[in-house]
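When the chains are written out, they are named A, B, C, D, E, F, G and H in that same order, and each has its own residue count from 1.
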Amino acid sequence: MIEIEIGRIIIEDYSRRLSEHLENDVVIVGAGPAGLAASYYLAKAGIKTTVVEKKLSIGGGIWGGAAGYNVVVFEDKEILDEIGITTKREGELYTADAIEFATGLAYKAKKAGAAIFNLIEAEDIVLKEETVKGVVVNNASARTIKLHVDPFCICGRFTIDATGHPAELVSMLKRRKPELFPKELQEYFMNVETSEAGVVEKTGEVFPSLYVAGMSVCDTYNLPRMGPIFGGMLKSGKKVAELIKKRLKV
Amino acid sequence: MIEIEIGRIIIEDYSRRLSEHLENDVVIVGAGPAGLAASYYLAKAGIKTTVVEKKLSIGGGIWGGAAGYNVVVFEDKEILDEIGITTKREGELYTADAIEFATGLAYKAKKAGAAIFNLIEAEDIVLKEETVKGVVVNNASARTIKLHVDPFCICGRFTIDATGHPAELVSMLKRRKPELFPKELQEYFMNVETSEAGVVEKTGEVFPSLYVAGMSVCDTYNLPRMGPIFGGMLKSGKKVAELIKKRLKV
Amino acid sequence: MIEIEIGRIIIEDYSRRLSEHLENDVVIVGAGPAGLAASYYLAKAGIKTTVVEKKLSIGGGIWGGAAGYNVVVFEDKEILDEIGITTKREGELYTADAIEFATGLAYKAKKAGAAIFNLIEAEDIVLKEETVKGVVVNNASARTIKLHVDPFCICGRFTIDATGHPAELVSMLKRRKPELFPKELQEYFMNVETSEAGVVEKTGEVFPSLYVAGMSVCDTYNLPRMGPIFGGMLKSGKKVAELIKKRLKV
Amino acid sequence: MIEIEIGRIIIEDYSRRLSEHLENDVVIVGAGPAGLAASYYLAKAGIKTTVVEKKLSIGGGIWGGAAGYNVVVFEDKEILDEIGITTKREGELYTADAIEFATGLAYKAKKAGAAIFNLIEAEDIVLKEETVKGVVVNNASARTIKLHVDPFCICGRFTIDATGHPAELVSMLKRRKPELFPKELQEYFMNVETSEAGVVEKTGEVFPSLYVAGMSVCDTYNLPRMGPIFGGMLKSGKKVAELIKKRLKV
Amino acid sequence: MIEIEIGRIIIEDYSRRLSEHLENDVVIVGAGPAGLAASYYLAKAGIKTTVVEKKLSIGGGIWGGAAGYNVVVFEDKEILDEIGITTKREGELYTADAIEFATGLAYKAKKAGAAIFNLIEAEDIVLKEETVKGVVVNNASARTIKLHVDPFCICGRFTIDATGHPAELVSMLKRRKPELFPKELQEYFMNVETSEAGVVEKTGEVFPSLYVAGMSVCDTYNLPRMGPIFGGMLKSGKKVAELIKKRLKV
Amino acid sequence: MIEIEIGRIIIEDYSRRLSEHLENDVVIVGAGPAGLAASYYLAKAGIKTTVVEKKLSIGGGIWGGAAGYNVVVFEDKEILDEIGITTKREGELYTADAIEFATGLAYKAKKAGAAIFNLIEAEDIVLKEETVKGVVVNNASARTIKLHVDPFCICGRFTIDATGHPAELVSMLKRRKPELFPKELQEYFMNVETSEAGVVEKTGEVFPSLYVAGMSVCDTYNLPRMGPIFGGMLKSGKKVAELIKKRLKV
Amino acid sequence: MIEIEIGRIIIEDYSRRLSEHLENDVVIVGAGPAGLAASYYLAKAGIKTTVVEKKLSIGGGIWGGAAGYNVVVFEDKEILDEIGITTKREGELYTADAIEFATGLAYKAKKAGAAIFNLIEAEDIVLKEETVKGVVVNNASARTIKLHVDPFCICGRFTIDATGHPAELVSMLKRRKPELFPKELQEYFMNVETSEAGVVEKTGEVFPSLYVAGMSVCDTYNLPRMGPIFGGMLKSGKKVAELIKKRLKV
Amino acid sequence: MIEIEIGRIIIEDYSRRLSEHLENDVVIVGAGPAGLAASYYLAKAGIKTTVVEKKLSIGGGIWGGAAGYNVVVFEDKEILDEIGITTKREGELYTADAIEFATGLAYKAKKAGAAIFNLIEAEDIVLKEETVKGVVVNNASARTIKLHVDPFCICGRFTIDATGHPAELVSMLKRRKPELFPKELQEYFMNVETSEAGVVEKTGEVFPSLYVAGMSVCDTYNLPRMGPIFGGMLKSGKKVAELIKKRLKV
């Protein structure tokens, strides 16, 4: 029966793909703007890249623009032009449609070769010889209803915390190694002028083989938050990709 | 301050866009596969088309493939090739990545010129002279927490119920005109062979100026459900676009 | 790394097993006493049998005995002796430990060769040519949190509704074919004397290729409910296995 | 159609008004008795004043009087006479109807020219050069259901924390600058005699350009709480208005 | 101690007022626009009028304008001018600030002499000799948490169902006397043109001594719904006051 | 250890008592005023009587008086004098303290010899030869969290539905025998004058060996509801005791 | 109408009683075994005593015995004999029916003259000149649903924290005066032998005019917890009454 | 009637068994893999062993394998062979069916003579003379809905904390004796290679008469977590049994 055939194809295709992506060059946690941008640039460079996202849909905080007004703002449009997002000039700034930006960015990352697994939640870090080797993941629905179920691992030579405001992977580090991050992980007060530059500047490695990108950078370094302006997110994603490419000598 | 400038641009841009799309050629409720496909073909034909979606993200039931295995299946790949979705042949069927399909379809609909408003929920129909003139909509978050807040209207010469399994607009009709739909609105048992063809065949006008497309067709006509095979959804979306284009003489 | 190896083995082993059990001789929905007993007798006869259970653990209503007093009662002990459950004679009745009964029954069913998939929920029936061909299933956690995710199918030449009190599969039939079950699906008032015999007598086929066993029989035929006496459940499970074995000429 | 016209007028009117009030002389967070009184006196002096309130209705803790007995008590009635609230002498005290007080106060503030935006929640502070420049706000409904949506800013030369018992803006300051507020932000034990005078005395600036008024003063300075006596709230609101008027040289 | 004095005054003042308003000329259930307008006109005519409202704040659906954009629309401004609400002409329509409208209307009703009890929920009707004699009320908080607590009664020679969309009092009638209201109580599809006139026309007595006003009229007579245009609500409130004044020969 | 001794005594004492009360002359479901009064008069006559109550505490709707004002009203005080409840004359009526009434009534029922089991919920009826033989009960906490746990039975020669407003046992009858109760089980509008007398008059047997008492009578016969006046409840409880005493020839 | 009369009597009776008990000799928070016993002995001595209880019913942890087995245990029966509770000797211990104990104790306290107000929750302490003067209370239902409603005060020359395990009043003290209670307020491990004696010994004044009794003593002094043995609770309640009687020179 | 007989047998059988197991050689809290393995080896040696489990079913984290893929992995199969679990070699590892493993392990523990009580939750420790004497337990359902109900005790010469990740008993110790466990109780990052050995090595006594086994060991000693590999759990359970057997000189 065709119903069986459909099920069989999907189960086999998915498990083959998941099994093939248990070991990667780079694992990115979080499919928001920074994580997707990083995956786009890494995959384009031929680097084996897997993104895990706990929600059913990807895009993170892009969809709602500001307060649900689905418009996003950028300070320049170079990366947007490269991805193929239509922009409109408004004074010194550029606007784009939030839905076009979210879907266009993910679509191009997929086309570039990134693997994206939604409904998979990182619940911990794999750490060996004081180096991050990947993440411990689980079924996000089962976790939501607090089922007592063990996780499995998705590993990578490098891991990127692109989880946004909570900086989830850095928090896991801090919980066991509080001395590494003596200050509370949190954003500072909003100040767009300094935050856009700061988040890019501080994007980088925070622990052997663990990188932070996007809003996780703000939480880690107590940088100002910024609101619905997404240029810094894209540049941070691009920068983390550049840094890892250098490490991988690509 | 730049913070004020960002806010001002977003509020003005959004409200201008929303205000401009209160009156449309076609209003589509539901940004799942059928609604997006319809919007793609309508917008491409230069027809003023607005999609309203109550969730924060678009894509409906595409993201999770089957049971969360994010792979989707198709019986042929013509429309997918047109949209630019990578497919893989598996026996008589084709598979695609669910995330690529969801984002690619929405991205292309946006590029074709469709307006998509997320976080907006249709709560009723506008009916005048026994003709559907559009939908009564509200802020979806406010509705979720049951705030007592009045709605507004988004109108169109034609309205498409692409709400999927609940067939929400048809349900609103049935509630006041039960004689029109004497049987319960529900899908029939799964049977992929007959459902894929049936859903396309029955796609069309169910009440003056109200069309059904996608899974709403199954609920309206008690057709079999089909599972994670999406060819019928795309064809239904394309067909409803063709029917309306004829009415609009485009 | 061994972490990757563990993940790979589990994913591949599970998906192979799931893929191999999409097509079965018999699909049983519900891993309570009747479903497990049926699976034990069918598997022992070499029939390819798959049980799907929406909960994380199996056993249904066995664990709590009566009102949480974890003791269960039987009118005779023949099947229990065969399975290997310790019983104690109390007047005309026999008692057993609820935990020993739940685990012993499932353990023996597994040993006999039945496949059991937990966390998989049947959400509909596959129906072709007026014959039940299996069930439409989904990830139970995703359903619990109402994620919009498509299902897949697990098929069988015969399907057993062993879902207990709700008689879920029969309800799905009734929803689309109310004329088949004109009375409400519900148990009648408690009357142990008549219910134990009645449930076994009425165990059987209710629609082409769909069988009912256990408490689903009570709901389907409005038989009396019975409380924490499990002899009828085991006999119903054994009887449905016998009936299907005859059909399969085993 | 008139339905479209109504929607268009509302959307445009609201967005124009919101856009015009992104930049203010004074932003007040919280539309309880102190915030409304402050807005009344500021607006009456011709100062551009915007109040943001996260609830759908304004009035804060006024509506329920004591324990839901909707009567409120005052020690004198000068401000009430000015606003137009009927009072009744009871011994040394005055009572008023809670509903008349809540609605009369807001109505007069609006008539005086204050802008009030309900359903808008302050989620952070804008801080530049160690001066508070306004607040980061978001759609309150979206926040209630924890949608991942970015905020925007409403700025002012001065900002008033009139959020009542939680002293929300001061809490945001304390989270990032714990050294400024070494003690826990909380009210002290109830003592009406000392609290009414204390709350007025301590009303003022707590950080460059950030003022506290009303119960937020009690939390910030650990003053006694007071219960359903509202004279101090009105006087605190009036005092903060006076202080800011002096700064603005009005 | 002053704390005791404050408590004593409030308890005694409230219970005296409540006790005095157990028997009225008119009881109005619901403090939305129609109920408040009715109370304003009745109280102004010297009729003893009590409004009960289950929420903590009054105003019903006024506060949020359309979808949270806090602007309300009217077709003419006669009543608004009388109440003292600032309006702005927009084409054929008038707009007002939703917060000014909600608070101004309630404030003027109070000033005219209406008694308003919030946090009191009507849970049933008092019916004697086939005439409605008032309503059975309870503590709304206790009902929300489903405490098993008996109600008391607030009676009137006439009772007005101004509960809005649910038409709660009419529903209570229908539950026991289904033959009186053979059709489902619900609004019809939105059609502003016909609904504004219809709701005023049908405002009146539906059962001896029970009147409907405002949106309850739409539900009772299946009239079209109307959205954020409030002229009909005010006129319906005014009309029901006129009708009762005639009955009372005021 | 004394800790073990305490546990052992309680477990053995409780289970002995529960075991001894599985078979009774009379089983009463619901420990509100009518059920407690019935148990008092039955036990005083030496009849073996067991009350089951699903809540942790007994007393039903007595505790809150009216709307939480913990005062209850009676039309005469004969039964109260017998039980030992202090009353105060107020015009034609008598008041008592709700807490004294709830605790005094239960205390005297216990002293008279009634067995009361709290946290035990009746989930069905035992019916044999068209006669009610008792109730099917379960652990109320386990039911609240929807644990899948079987019930047990508490039987009696006579069973009293004193469950109050829902008339739970009668509802269970009606669900399987809708022809017996063609009208919806519900109270009629409030009318104290006729309800107090009516509820006593209609107290009696509704099905072989099943009696109704208290508010269950109102629901069964659509009698008017009455509010916080408890004379009828006591008299109904007393009357049902008298009727059963006659049947038992006590 | 009698309905109005009933309401008027209840409202006036309750508010008179509440108003009369705003000022007391002793205020007891918590109507569990210790609070009720204290109120019994205080009221019997002619001391004006008011108990406030946040739940609808009184009795605290008595009702459920151990784990819902509704039997309670005592080491001696002197107080029980005085109150009139039937006991049964079991070895060195005595058992009583939990329901008889809960209701008998409250009934006798009421008969002795104590005032008990249920559904009233203490949310804070009144403190003047470093002496506790009573408690700040509110409507418990309104607090449960987090309504923003102000409290009122119930005062007493002495206040008893009989809130049980949380030691709520002591916690309120500790929150503002952490130096008074440097250790966490919590019970120690269970040890019945030492806890029964300890709780009585430590019963007494913890701050000027604030006494602790019952399990609050254990939390305050980190004494062992004890389980379903209630002798210590009664003796603690009796002792606190003795101590206060001495202070009041009764 | 047989219904009464069934109830009587269950209640008496359960309470006799529970009463007999209030005093034990060993009490194990948690029926996951380590607790069940320990109970199997202890019971096999003739030691009186009682396992308490708060859930309705036993098995802990076994059922779901990894992320719901119900397959479990082991490094060797010696214990599995002894218990009778089918394994499959995969490279250096062995897999087993999660359901077979969970049910087989519990079934064999029961057959060996262990008593298992489900739905019973340990809420504290019994501590005398600085030695753990057992646990304070309660009805788990009543605790889930936060009923105020006292506990009872299940005692043992030795107590095993096999509660898994939360290390519940050790947490209770730490709460009162923080100096014993200065570090936060938590697992370290995942590292299968070192954790499997570590957990066995550290299995043992942590406080007089209190042992830890299974994942509780990881939390207590901050050892790495391990994921769905269960060899260490079984060995830890076996080791704790060996250690206690030595103490008991069995």
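Miscellaneous remarks
The rule we apply is simple: a contact is a pair of C-beta atoms (placed from the backbone, for glycine too) under 8 Å apart; a residue touches a chain by one contact, two chains touch by 3 or more.
Everything numeric here is computed off the predicted structure, so don't read it as measured data.
Where touching is counted per the definition, the chains common to chain E and chain F are G.
Shared contact partners of chain A and chain C, listed by label, are B, H. Think of it this way: of B-C, A-C or E-G, only one pair shares over half of the E-F contact pairs by residue number, and it is B-C.
Set against the Cα centre of chain B, the chain with the most distant centre is G. Here chain B and chain C face each other with different sets of residues for the most part; under half of the interface numbers are shared between them.
Per-chain CA centroids place chain A at a distance of 61 Å from chain F.
The geometric centre of chain A is 29 Å away from that of chain B, both derived from CA atoms. One inter-chain figure worth recording: chain B and chain E are separated by 39 Å, centre to centre, where each centre is the mean of the chain's CA atoms. Annotation for chain B: residues 3, 6-7, 10-11, 14-15, 56, 63-66, 68, 119, 126, 128, 139, 141-142, 147-149, 152-153, 190, 193, 227-228 touch two or more other chains.
Chain pairs that touch one another are A-B, A-C, A-D, A-H, B-C, B-D, B-E, C-F, C-H, D-E, D-G, E-F, E-G, F-G, F-H, G-H. If you check the complex, the residues on chain G that touch chain F are 2-3, 5-7, 9-11, 13-15, 17, 56-59, 63-66, 68-73, 86, 88, 90-93, 95, 97-100, 102-104, 106-107, 110-111, 116-119, 139, 141, 190, 192-193, 227-229.
Against chain E, the residues of chain B that register as touching in their complex are 120, 124-128, 136-139, 142, 147-153, 172, 175-176. Only residues 1, 3-4, 6-8, 10-12, 14-15, 18-19, 22-23, 56, 119, 126, 128, 133-134, 139, 141-142, 144-145, 147-149, 152-155 of chain C touch chain A when the two sit together in their complex.
Of all residues in chain F, those touching chain E in their complex are 60-61, 63-68, 164, 184, 186, 188-191, 193, 222, 224-225, 227-228.
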